Amino acid sequence: MTKRVTALDLEPSGELSEATLAYFAKCEEKLGLVPNVLKSYAFDEKKLRAFTDMYNDLMLGDSGLSKLEREMIAVVVSSVNHCFYCLVAHGAAVRQLSGDPALGEMMVMNWRVAELSEKQSAMLAFVEKLTEQPAKMDDTDREALRRAGFSDRDIWDIASVAAFFNMSNRVAAAVEMQPNPEYHAQAR
Amino acid sequence: MTKRVTALDLEPSGELSEATLAYFAKCEEKLGLVPNVLKSYAFDEKKLRAFTDMYNDLMLGDSGLSKLEREMIAVVVSSVNHCFYCLVAHGAAVRQLSGDPALGEMMVMNWRVAELSEKQSAMLAFVEKLTEQPAKMDDTDREALRRAGFSDRDIWDIASVAAFFNMSNRVAAAVEMQPNPEYHAQAR
Amino acid sequence: MTKRVTALDLEPSGELSEATLAYFAKCEEKLGLVPNVLKSYAFDEKKLRAFTDMYNDLMLGDSGLSKLEREMIAVVVSSVNHCFYCLVAHGAAVRQLSGDPALGEMMVMNWRVAELSEKQSAMLAFVEKLTEQPAKMDDTDREALRRAGFSDRDIWDIASVAAFFNMSNRVAAAVEMQPNPEYHAQAR
Amino acid sequence: MTKRVTALDLEPSGELSEATLAYFAKCEEKLGLVPNVLKSYAFDEKKLRAFTDMYNDLMLGDSGLSKLEREMIAVVVSSVNHCFYCLVAHGAAVRQLSGDPALGEMMVMNWRVAELSEKQSAMLAFVEKLTEQPAKMDDTDREALRRAGFSDRDIWDIASVAAFFNMSNRVAAAVEMQPNPEYHAQAR
Amino acid sequence: MTKRVTALDLEPSGELSEATLAYFAKCEEKLGLVPNVLKSYAFDEKKLRAFTDMYNDLMLGDSGLSKLEREMIAVVVSSVNHCFYCLVAHGAAVRQLSGDPALGEMMVMNWRVAELSEKQSAMLAFVEKLTEQPAKMDDTDREALRRAGFSDRDIWDIASVAAFFNMSNRVAAAVEMQPNPEYHAQAR
Amino acid sequence: MTKRVTALDLEPSGELSEATLAYFAKCEEKLGLVPNVLKSYAFDEKKLRAFTDMYNDLMLGDSGLSKLEREMIAVVVSSVNHCFYCLVAHGAAVRQLSGDPALGEMMVMNWRVAELSEKQSAMLAFVEKLTEQPAKMDDTDREALRRAGFSDRDIWDIASVAAFFNMSNRVAAAVEMQPNPEYHAQAR
C-alpha cells in the first residue's frame, strides 16, 4: 500500500484491524491481489465495510442473475461512463467468468456488437438507459424486462447492480482510482 | 406496508426481524414515518442493512461537511437526474436543516440561483459535473475544491455522497419508488 | 418595487401609467401579490403590455385545454429548462388549481411519476420533446396528439403554451428573475 | 390563403377584420408578401395581435441593438433549433439588412465562421448558450456582455430576442409552418 | 491561390505538378472554379490525390444512389455538424442537381420539412443517426433501409457517403476552411 | 474470406486482382493477418484502393506526429464513438507501438487517466472536441495546439487523422464490421 492508488492524500489513521487484514489476505489468496478499490476505502474501515457488504451482496449473493450477467452489467455501465478503474477490473471478470476474451472487450467497447440472447440484450438495453437517462424510465422499460423473462426480483437486481456501478464509477472518477496493473493481462 | 411503494411486486418472504422492526420503530419515533426507501428494501434484510449502513455513514457519520451540505449535494444530484423520490425526501431535509424553505426549492430546481458561499458553489459545481460527465473529471476539478478550502478527506466525502445519490436515484427511477406523502408539507 | 427582482439594473424611466398601476392593483387584489415578472417588465410599459397580452390570452383565454392543463405544460417545460422563477410561480398554480400538492411537485420534478390519463400523458410527452428537440418534431408527434383525442386547435394551444414558456424560461434565466417568496408556502 | 401554411387544419372562423386586412395589405406593400406566420395566427385575431405586438416591439422598436443585430440573433437561435421557417425568413432579413449574402449564410450555418467584432461575438455566444443550456446561465454570462460593452438594457434586449425565437421556433416546428417561397431568392 | 483558404499557414512546397494543374484547369472549366477544399489539400499532392480519388469514387462513381441523393446525404450530415464549408458547397449542388432551390435549403436547415419519398426519408434518417449516434447503430437500422427498398450495396454507399462527410466536416471545422464565394448565388 | 466480416452481403464480383492479392499477401506477412476492414472493402477494388491510399498516407506517411501518436488519436476518436472494430484493431497498435499494454487500455477506456506530456494531452483534447462538437471549433482550439508546440502542418495531421477515424468508425458501425480475433491477445 506504499504507492498511492488515488489522487487523494488519504491514509489509514492507524493500523488496519485484524478483520480487515484477514479480508485482504483472503483477497490475496483468492484473486492474487487486493483490489485497489479496497485499499482506497481502507482509510476508514467503516466506509470499507459498508462498501464491501453492499458489493458482496450484489455481486456474489443470491440472485436470478448469474455472476457473469452481473459483471456484464457492471462493464456496460462503466462503458457509458468511461470509468477506467471499473472497465479494467470488471472487464477482466467478464473475460474470466465467460472464458471468452472477446466478450469482455465487447462489453467494454460496445455491447451492441455482441451476439447475445434476447433476454440479455433486453437486460443491457435497460441498464444503458438507466445509466444515460434515469429521468426517462417508465413502465414500458420494466415491461420489456418482464416480457424478456425476468421476474420482478430480477428487475430489482438488474437495477441495483447498474445503480451500484453508477455510484462506483463516480467515486473512481472523482478520485482517479488506479486499477491493479495485474488485471490487464488476465484471461486474454 | 399494505400499499405498494414501488412498481415491483416484492414482499418480505416472512416476518421482519426484531432488529428491523426496532429500526423502523426508531424511524417512526424520530421522523414520524418509516421512509419508503427502507420499506422498498425490506423484502431482503441483508440488502436493507447494506443500504442503511452505507447511508447512515455517509449522511450522518463524521465528516468535514455539515449535514445540511450533504443534503444539498443529495438534492442537486437528484435535480440533474430528475429523481422524484429523492427530491421529495431530501428537499424536505434541506428545508428542515436550513430552516429556509426557499433554499430547499433552489436545490430542487436550480442550485445556481442560490446565494451560496464560494466554497459551497465550488462543491455543487463539482457534484453537478460528476453527475453529468463523470468521464470528464480530472485534476483541475479536484484542484478547484482544494482552492475553495476543502481537504482531501472532504473531497472524498463530496464525491461519495454525490456518487451514492447517483446510485439511489437510479434504483428509485428503475422501480418507481414513491416517497412518503408526509414530506410534501414539511418545513414549508 | 424597492428590492431588485432581476440581476439587471433596469428601472422604469418615470411614473408607471394609470393603466399599469390599476393592473398591478388588480393583481394584488386577486393574487395577493404583483408577480415579479410583471415588475421586471415594468421598465418599459410597451413590453409589459405585449407580455401580459400574450400571457393572458394563452393561459386564461378560451381553449380546449383546462387552466390546470396549461399550468402543467408550463411547469413541465420549466422542469426541463430548470427555470427557478417559473417552477416556483407555476408550480404553485398547479398545486392551487388541482388542490393536489403532490401533483405540483411531480410536474416540477418528473412528470413521468404522475398517474395521468393517457391524453394528458400524450400532451406532456409532446411538450417535453418540443422543448428538448424541436428539430425532431414531425407528423408522428401531431398524430399522437390527435389519436389521444386532441383537436388541431388543441395542438396549437399545447404548442403555443409550451413555446411561450421556452421563451419565458430563457428571459428569466438570462436576467436571473426572482420569484415572489409568497409562492413557496402556497397550497402546500 | 387558399394553400395551407401549417400542418394543422385551422381556419379563421369568419371574415378577417378591417384592421387585420389593412395590416396584411401593409405587409404586402412593404415586403411584397404577407409572412406565412401571420396567416398561421390569423385563425384567431387576438393571438395574431399579441404575436405582432410583441414581435414588432422586439424587432422594430427602440433598442441599443441594430435591426441587423436582432436579425442575427434570430437566425443563430434558429440555427441551433434547426427551424426551417425562421431560418428562411430571417436569413433573408440578414442578407437584406447587411447587403452581405455570405453573412446570412454564416448565421444560418455556423456563426463561428463569421468575422465579427468582439462585441457581436460575445452577443452571439450568449445567445447560443441561452438557447442550448438555459439552466447553466449565471453572472459570468452577464458580465461577459457588460465587458463587451453592452448596457443592462441591451442585455435585456439580447435575452428577449433570443427567447422570443426560442418560442417562435417551437411553434413553427410543432405545426410545421411553411415559409413564403419568395424568401429563398431574396438578396442573394 | 493568393488568399488563404484555411486558418493554417500551409503552402505547397514547390510548383504544382502537371497533373494537378491539369486537374484544377478541368475544375475551372466544368465548375467555373477550383473548389477551395482542393486548394487546401494542395500543399501535399499525395494527400490531394487520396482525397480526390475517394471523393470522386463516392460522389461520381457507380452507385444505386443518384448523384442528387448522395449530395442530399452530404448536406444532411453537414447540417448536423454545422459545417459551413460543406453546407455552402454541397447545398449549391443539391439546388443545381434538383433544380429546386427550396430543396437545397431544406437539406441545409432541417431535412424533416421536405416532402420526400419514404425511401429517401429512410435514407436520411439512417444518415442522421449514423452521424449523431454511431454507437447506437444496430440491425434494426439496416433492416429499415432494406425494407425501404435499398440493397446491401446501397447501404454500403449510404454509409460511406455519410461517413465521408463526417470526416470532411471535421477537417473543414478544424482548419476553418472557406468555401468559394461563388457558391452562394448559384442555382437560387 | 469465407466467413462474413460485415452484416452486409457484399462479395467481390470476380477474382481479386494481382495487385490486391499481392497487397493482402504483404499484410499477411507483416501483420500475420489481412485486416478485416480490407476484406470489407474488397468487393470493389477501386474503393479498396482509395481507402488504403488515404489510410497509408495518414498513418504511415511523413508527419511531425509519431506513428504511436497517430494510433493514440485513432483510439481516442473510436472511444468517443464506441467503435468496436477500431478500438480492437488500433488499441492493439497502441499496445504494440508503445510496448505499454496499460496505455492501450487507457486510450480505449478514458484517455484522461493516462499520464501524458502536456503536448499530447493538448492533442487529445483537440481530437476529442473535434469528434464530439465539430461545430464549436474555433481559433482558440488551434491556438492551444500551437502553444503546446505543434506546427500548422502538425495541426493538419492531427485534424486529418481524427477526421479519418470519424469516417471509419461510422462505416464500421453502419455495417457492423468484425475485427480479426487475433488482435485481442496481441501485446498484452
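All chains are identified by letter, namely A, B, C, D, E and F, in their written order; residue positions are counted from 1 within each chain.
Throughout what follows, contacts are C-beta pairs under 8 Å (C-beta built on N, C-alpha and C of every residue); 3 or more make two chains touch, one makes a residue touch a chain.
For clarity, every value in this text was computed on a predicted model and none was experimentally measured.
**Student:** Going by the stated contact rule, which chains contact chain B and chain F alike?
**Tutor:** In this structure, the chains that contact chain F and also chain B are A, D.
**Student:** How short can a path of touching chains from chain A to chain D be, counted in steps?
**Tutor:** Contact-graph shortest path, chain A to chain D, evaluates to 2.
**Student:** Do chain E and chain F, two copies of one chain sequence, contact each other through the same residue numbers, with over half in common, or through different ones?
**Tutor:** same
**Student:** Would you kindly give the rotation angle relating chain B to chain E, two copies of one sequence, based on a CA superposition and rounded to a multiple of 5 degrees?
**Tutor:** For the C-alpha superposition of chain B onto chain E, the angle is 180 degrees.
**Student:** Once you find the CA centre of chain D and the CA centre of chain F, what distance in Å lies between them?
**Tutor:** Going by mean C-alpha positions, chain D sits 43 Å from chain F.
**Student:** Roughly how many whole angstrom separate the Cα centroids of chain B and chain C?
**Tutor:** Measuring from centre to centre gives 29 Å for this pair.
**Student:** Where in chain F do residues touch two or more other chains at once?
**Tutor:** Residues 82-83, 110, 135, 137-138, 176 of chain F touch two or more partner chains.
**Student:** Hey, how would you classify the chain contact layout here, line, ring, star, complete or other?
**Tutor:** Looks like something else, not a line, ring, star or complete graph.
**Student:** Each pair of chains that touch: what are they?
**Tutor:** According to the stated criterion, the contacting chain pairs are A-B, A-C, A-E, A-F, B-C, B-D, B-F, C-D, C-E, D-E, D-F, E-F.
**Student:** Which of the residues in chain B come into contact with chain F in the complex?
**Tutor:** 135-138
**Student:** Enumerate the contact residues on chain F facing chain E in the complex.
**Tutor:** Touch residues, chain F against chain E: 7-10, 43, 46-47, 49-51, 53-54, 57, 61, 81-83, 126, 130-131, 134-135, 137-139, 141-142, 152-153, 155-156, 158-160, 162-164, 166-171, 173-176.
**Student:** Please output the residues of chain A touching chain F within their complex, sorted ascending.
**Tutor:** Listed in rising order, the residues of chain A that touch chain F are 79, 82-84, 87-88, 101-102, 105-106, 108-110, 113, 176, 178, 181, 184-185, 188.
**Student:** Quick check on the complex: what are the chain A residues that touch chain E?
**Tutor:** Interface residues on chain A, with respect to chain E: 110, 112.
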